[in-house]
Amino acid sequence: MAKVVTFGELMLRIQPADYYRFVQVDSMTTTFGGGEANVSVSLANYGNESYFVTKLPTHEIGQAAVNSLRKYGVHTEYIVRGGPRVGIYYNEKGASQRGSKCIYDRAGSSIQLAKPEEFNWKEILKDAKWFHITGITPALGPNMVTACIEACKTAREMGITTSCDLNYRGKLWTKDEARAAMTEICKYVDVCISNEDDANDVFGIKSEGTDTTKGELNNDGYVSVARQLKEKFGFKKVAITLRSSINANRNDWQALLYVDDKDYAFSKKYEMWIVDRVGGGDSFGGGLIHSQLKGMSTQDSINWAVAASCLKHSIIGDYNMVSEDEVNKLAGGDGSGRIQR
Amino acid sequence: MAKVVTFGELMLRIQPADYYRFVQVDSMTTTFGGGEANVSVSLANYGNESYFVTKLPTHEIGQAAVNSLRKYGVHTEYIVRGGPRVGIYYNEKGASQRGSKCIYDRAGSSIQLAKPEEFNWKEILKDAKWFHITGITPALGPNMVTACIEACKTAREMGITTSCDLNYRGKLWTKDEARAAMTEICKYVDVCISNEDDANDVFGIKSEGTDTTKGELNNDGYVSVARQLKEKFGFKKVAITLRSSINANRNDWQALLYVDDKDYAFSKKYEMWIVDRVGGGDSFGGGLIHSQLKGMSTQDSINWAVAASCLKHSIIGDYNMVSEDEVNKLAGGDGSGRIQR
Amino acid sequence: MAKVVTFGELMLRIQPADYYRFVQVDSMTTTFGGGEANVSVSLANYGNESYFVTKLPTHEIGQAAVNSLRKYGVHTEYIVRGGPRVGIYYNEKGASQRGSKCIYDRAGSSIQLAKPEEFNWKEILKDAKWFHITGITPALGPNMVTACIEACKTAREMGITTSCDLNYRGKLWTKDEARAAMTEICKYVDVCISNEDDANDVFGIKSEGTDTTKGELNNDGYVSVARQLKEKFGFKKVAITLRSSINANRNDWQALLYVDDKDYAFSKKYEMWIVDRVGGGDSFGGGLIHSQLKGMSTQDSINWAVAASCLKHSIIGDYNMVSEDEVNKLAGGDGSGRIQR
Amino acid sequence: MAKVVTFGELMLRIQPADYYRFVQVDSMTTTFGGGEANVSVSLANYGNESYFVTKLPTHEIGQAAVNSLRKYGVHTEYIVRGGPRVGIYYNEKGASQRGSKCIYDRAGSSIQLAKPEEFNWKEILKDAKWFHITGITPALGPNMVTACIEACKTAREMGITTSCDLNYRGKLWTKDEARAAMTEICKYVDVCISNEDDANDVFGIKSEGTDTTKGELNNDGYVSVARQLKEKFGFKKVAITLRSSINANRNDWQALLYVDDKDYAFSKKYEMWIVDRVGGGDSFGGGLIHSQLKGMSTQDSINWAVAASCLKHSIIGDYNMVSEDEVNKLAGGDGSGRIQR
Amino acid sequence: MAKVVTFGELMLRIQPADYYRFVQVDSMTTTFGGGEANVSVSLANYGNESYFVTKLPTHEIGQAAVNSLRKYGVHTEYIVRGGPRVGIYYNEKGASQRGSKCIYDRAGSSIQLAKPEEFNWKEILKDAKWFHITGITPALGPNMVTACIEACKTAREMGITTSCDLNYRGKLWTKDEARAAMTEICKYVDVCISNEDDANDVFGIKSEGTDTTKGELNNDGYVSVARQLKEKFGFKKVAITLRSSINANRNDWQALLYVDDKDYAFSKKYEMWIVDRVGGGDSFGGGLIHSQLKGMSTQDSINWAVAASCLKHSIIGDYNMVSEDEVNKLAGGDGSGRIQR
Amino acid sequence: MAKVVTFGELMLRIQPADYYRFVQVDSMTTTFGGGEANVSVSLANYGNESYFVTKLPTHEIGQAAVNSLRKYGVHTEYIVRGGPRVGIYYNEKGASQRGSKCIYDRAGSSIQLAKPEEFNWKEILKDAKWFHITGITPALGPNMVTACIEACKTAREMGITTSCDLNYRGKLWTKDEARAAMTEICKYVDVCISNEDDANDVFGIKSEGTDTTKGELNNDGYVSVARQLKEKFGFKKVAITLRSSINANRNDWQALLYVDDKDYAFSKKYEMWIVDRVGGGDSFGGGLIHSQLKGMSTQDSINWAVAASCLKHSIIGDYNMVSEDEVNKLAGGDGSGRIQR
């Protein structure tokens, strides 16, 4: 029952049902999600005292966002209320050769306009064991870069483990902006989560021979990427996810957790039939943090994180609605999908 | 088959089904609407060559907005494409003593950020018979005030009848701002549409003895309001709607059309069971413009406009999906709601 | 547990949800109904051995029509299977001053094309107590006129009570056609069900001072209409429904049962908030037949029939899904609509 | 921000959409509710620290019940987890003359089978200002009678105000059983909430001249009922609700708060168009407790409670999803249901 | 058109739409199903006179259960009406590595509480050709064990073929309880249906080298299992289904029908993309009984049964909604899934 | 921005949601589609001035059909209005080994009954670059054969490229009828689109060694089929689609474009997970026409047409809702289905 804090944006996710396209529908699902909040919900589902920090309007749409977290047991008392709007992303689910489509409408959201001083990190992080952000939060603007640096710095000072999922979003900032900000933030980060694209986009670190659009992944180079990341920023651990996209319905999924050249492990690889791919990476983060908090070995930890994340791909919505038992079952080897009765 | 042009914002309307509140739902209807576009659709439904002018993003949500107009026969070739976002309003339907709720999220929309020079009014208004705006368009910002003035001025120069629905929105601008802008715009307006609140909020013109929140309407003062409006701005005609709100499900609905002290008429009054109140005023505007284009007498015209608008209150969505025949039938006296078979 | 037989068309009813108009929706409810089948379901719900006779295609849409009757306990073994299509009616629900709209697409249906000899009335009517048709069945075409005459004639020969709801449908045949056919059929009918419009449209029998489109009903003249109908055709009993249409949501509902000038009764009058008006008249027929089969007095019978029919207006779909107990309760005086728990 | 505790059963509520009957549908809404939990949600919505106490299974349906409370800010840490099942009630919404129907399937639920000692009232009630139950909780069985007595007794010892809504449910126990149990429980109750039926059913206390099934309510006798209740049990205050059921869509709603013969007040009376009548009484309880906690005068308190409850009738589901501001607005006199924009 | 009787429980099946989890939804499908009723519907769909025997409450939920059978032509006149409740199972559909989840809430159902003497087997089985039960019926309680023994014994005395699907449900009874009861029942059973797990769980009969959770099935051992079952109980025929669960979306499906060592046959094996796995085994039973009633050879019979069951996995709900023609087509070799037009 | 004209029937498509069967549902999607209209929408989506020609009733269902085209930018001014009904097809989606089912109810539709002289081809085809029909249009009846011949002849006289998709529908006419009509029409056709079945069914031209129900396609024979078609009718180009149906969820998809023995090309082959197979062939036609209008080489053109069509199989409904950019992307090699953000 560790206290864990994450910080970021919670958005309204507007999506057509089924495989309908945006222009075909007169009604959409309106749920909530966001890279960091998704991690928060995962951690609450595994039984942690999970706190999410953001800023949301006082009106009913803001309240509905708060409620979506409370419903699943996330603590929301550190969420600042005010500002003009809830950020939005429109999501359209792909199928077969047609990829999913994401339209961001998050400019001018309450969290984007929030001032760093609105968050009292000393109080927020009191008694916490872990603090997590992703590269999306600083991408929202300079004030959020400042807020992230303050938060991570404070966490480090308080002896709290910090993690960051690089999560580069080209629609939010340039690679140069990302590199500048993330370089500063990563000084205070203990555990780095990335995929090969992110490491390359943000820091120019890459492994050769891989073209992700072709679904070809060269596993051999990942250890090198992890080592470079560690060497550059002094991370204690680096986790890298390996997604192989056969098509929009079929992905392979695996990951690497690297501590040092003697202690690293690749997880089991899963062939997944995808129900909802959004939040897949975040669920890996949630699984990794939980398995680390539980003190699992490198091999067990990466297996657990990937099993958690594999299950997410079978769940509708941003949040990974699976329990610790369910992840244990899959990590323990039963992926037959048999009915339980 | 007159060409009619309207100018304004087309928004995404996000609304819970039935009488659900915002915080209760995980899915909402996502249709489109806006004061001026609603008039445009009405006019297309009555058989006019109806053109709507605005600016909308190139992405799929912008395209869906365009499609919502094309579907009903509105011409969209003068819509400028670009800019960042489609404005949004969240709407929650009231019932009984609980009023409907409207949350605007329209800041930073493509039309709000559009420059006046993006609209070539000479070309847009070529061969048009009527041009219509409402007070919402200039409320979007100074550039839209400029665009409205240019448009109305051009229309007047081209001999096109202009109309404006005052439509004051306190959430968009102050009364002072509204007064300044509308005073300038109204110089070029022939037909003014208002309700008592708008006339008072925008120009400080009011009739005594009326408290709209109590559902008490003093019909006698309306002629005075219309006369004052005409005298102040030189309008050729002034239409004033009289809504008596018993509760969220039951409203009475009537209107006045004033040409001068010898030529004015109150319409028949309808007791309405409300299906969707949003767009009610706009449907009056659409009905009035059509009946004026048809050359109806003052009495017939106001009866037709109110009948059109009465029917709108039985229609889901912003757009008034009724035909000329259906309005004729009600204006002709058959409001029994009997099944036709 | 009397055996009762009805004969007519069962159609697919395609209707937008809620108060949506046809042109607004991409999905509709697809249920089944029709004037005579509706009576059949009512009678099954009240515990009778109810048989419906028609012709339906062998394909799945025809099967779904059969299933819709079986589900509610109607016997379907006399339904002839074959022919090209299931008749359709598109129905759009009105509200307030906007009336419901009904578009028939029933030409060429299996029953319309059926030959009179496909129905073995001697076998079908064996042991039956009551046979019922409406004026819609013969309106389908000359072969159906023949079939109706044969059926009624056979029933009379077998000593079975026959009833007919005049149900004039101007979209199916002319008044002259209706008069010719119905005059022949009515020779073999014991109980005639009508409303003032039908008596007038089909036989030119009317009571003065009533304009149904204005919601004004002159009750005094109804006894005269009933008397004229009886005198003209030798009916044993005549029932006349009195609908007063305030608007599409509010109707008043009452009826008269006339045996002779000494034995007639008006029912209680109900103010109804309408959920679904279609099938309202049919539910009256079902209630009347059941109360007659139960041997109720003229006053009790008409009260029961109107109570049954009043409840129908609160039920979605063509079929009147209420039990004998529920009708007893309302006929017994409890119309408070209080929750039962 | 007072701590308030309620105790009772939280059930799964299974209901057809719209006005569909049970036998017509293949899908139903599955939400949660129950007399006491409804009060808990109201109090959380008004800003109190609201705690709900019950027992629910550990499986996902039990968890979904817990989540339905957490979502709206109700504290759930005192909910005991275990036992076999979540109680269910099937609810069918009435219309016009057809009443709503409620089928209970709650036998053998986890709370019904819970032992009194599973609830540590000293700890649960620590720092609480108010404790609330209804007559439904003891109706679940003898162990729940014991638990209620223990809870109320403990609350009184701790100086906490206690309230009880008599809420007689004839499907759960006999009047004799109810009288025996409630007589014991009421010894420890400060504020009694009732309607005339409950006072009569449970304690044989009644006012003459009232027949609730006919919608006739004799207001004059209510003060007498309240006085008798107070005299018999020593309540500090007695609140009586006065529902006049015109039909399933139209009810009038008013209430009385009685302290003594010098200090009592009838509220304003509302004509309500009903969206969902279930939970109407509970929302009155929630409003009354909140207005009492706020220290309002007798007149203001009863006006506030009735306004809160009036709004509930416009809300779908058991829970009264309205804010303190919204109740203030209606209690302050604005019931026009006008749109706010 | 053989008369076939099955006996068991018909439950309400409550399930979230799509791949939603229980805790995510506010609405679920509410259909009906159960191991024995599913067989009954299959047999009706193939044109048999199929009778289902159970006990169900008189209220509307009980009636809806009856209607769900009548709709598809199952005879329901032997269903006893009364008792407190309809058993429920909550079902959540799995995807990819996440298995489906089933929560039983069937304790205290009307059939569970029914007394053996409520079923008059002599009358029920009159003129029947086949009687079928599954191991779920006796698992409901000792009275149901008695009822099953009486039914099977009576059937045997009347010369009716009896079949039993072992269907072990660990959530309903222990293996020891199952063994004791099933040993007694199987004395009167002609055709036994099992899968390897059931044979092992109930009777301790197993074939080595198979681990069903790993999707590894050793076909060679199945003949041995069938032989052992036959030897132990004197069955005339034994059918064993072989499911290989790749994941929740992909299963392989095959079966064995064993008469003796000279007359046995394995069916064709199908790779299935699963729409709804629940009822898969029951559809095999329905197909087997029908093909046996048709007098097919061992090879044809098992091919037909597996084809029927393969199609079921593409059908939503418990009931196998396919016709004899459709099974013939697949059993005849066309599994291309091409559109027919 | 070439003007392209297509001519045919636009039908109402009625389909159960998800994988439900016809007999299971009470509500269906009601959208519009038809072989030629589908091509028209494709061409509008790629930016062409696309005109669809047909006849549709004046009532609301006819209007909704028109609106479904206008919404996506298809020009509808040449659609003749009148006649009795909109043709219907009921479609049920297959899964795994169960194929989709299509029930036509199109007899007596407005276009079927239209007279050839209702279409003024000189005016309709003015300034057009391409005219397209399919074999379905003449299959509607002799008057449509005449209309098609007139249209194609006029197009050829005006120098407009004509294309025809053979599209044999055995439920509409016999092979002999088809051969007679198509032989006449093909005299005026430049580009012929076929699959092996069509070429064989209509003209008796086939390649050996292929059994489409078994999913075995012998690519080698297709060039021979194309050559034979060209030789027989003098087509300039022949396109042949090659579908391999593994099951209802999995098809392989490829095509051949043949100009002469020196200039022909097979496209890339796609493994498709099918969302909606209906309209798959039409989307190929739309893609082929667009790529030809763009002047692409034989290899590029067939690649583009197949990529367009591959994407269609991931789209719900008849219309292929993809943009030129999206087809370019897939034709350019990215079929990974990765999310774009």
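Going in written order, the chains are labelled A, B, C, D, E and F, and every chain counts its residues from 1.
One rule holds in what follows: a contact is a pair of C-beta atoms (placed from the backbone, for glycine too) under 8 Å apart; a residue touches a chain by one contact, two chains touch by 3 or more.
Here is each chain with its UniProt name: A, B, C, D, E, F = 2-dehydro-3-deoxygluconokinase.
Note that the structure is a prediction, hence the values are computed from the model and not measured.
Enquirer: Farthest chain from subunit A, going by the mean of C-alpha atoms per chain?
Expert: When every chain centre is compared against subunit A, the largest gap points to C.
Enquirer: Name whichever of E-F, C-E or C-D reuses the A-D interface, so over half of the contact pairs are the same residue numbers.
Expert: It is C-E that repeats the A-D interface.
Enquirer: Which pair wins on C-beta contacts, C-E or B-C?
Expert: B-C
Enquirer: Based on CA centres, what chain would you say lies at the far end from subunit F?
Expert: It is D whose centre lies farthest from that of subunit F.
Enquirer: Starting from the mean Cα coordinates of subunit A and subunit F, work out the distance between those two points in Å.
Expert: 44
Enquirer: Between subunit B and subunit E, what distance separates the C-alpha centroids? Give it in angstrom.
Expert: Going by mean C-alpha positions, subunit B sits 62 Å from subunit E.
Enquirer: Listing for subunit A: what residues touch at least two other chains?
Expert: 18, 21, 23-24, 26, 67, 72, 101, in rising order.
Enquirer: Where on subunit A is subunit D touching in the complex?
Expert: Going by the criterion above, the answer is residues 67-68, 70-73.
Enquirer: Along subunit F, where are the residues that touch subunit E in the complex?
Expert: 18-21, 23-24, 94-102, 104, 169, 171, 212-215, 245-250, 277-278
Enquirer: What residues of subunit C sit close enough to touch subunit D in their complex?
Expert: Going through subunit C, the ones touching subunit D are 18, 72, 270-275, 310-311, 313-317, 321-322, 326, 330, 334-341.
Enquirer: For subunit F, which residues are in contact with subunit C within the complex?
Expert: 14, 17, 21-23, 25-31, 59-61, 63-64, 67, 84-86, 88, 90, 92, 101, 103, 105, 107-108
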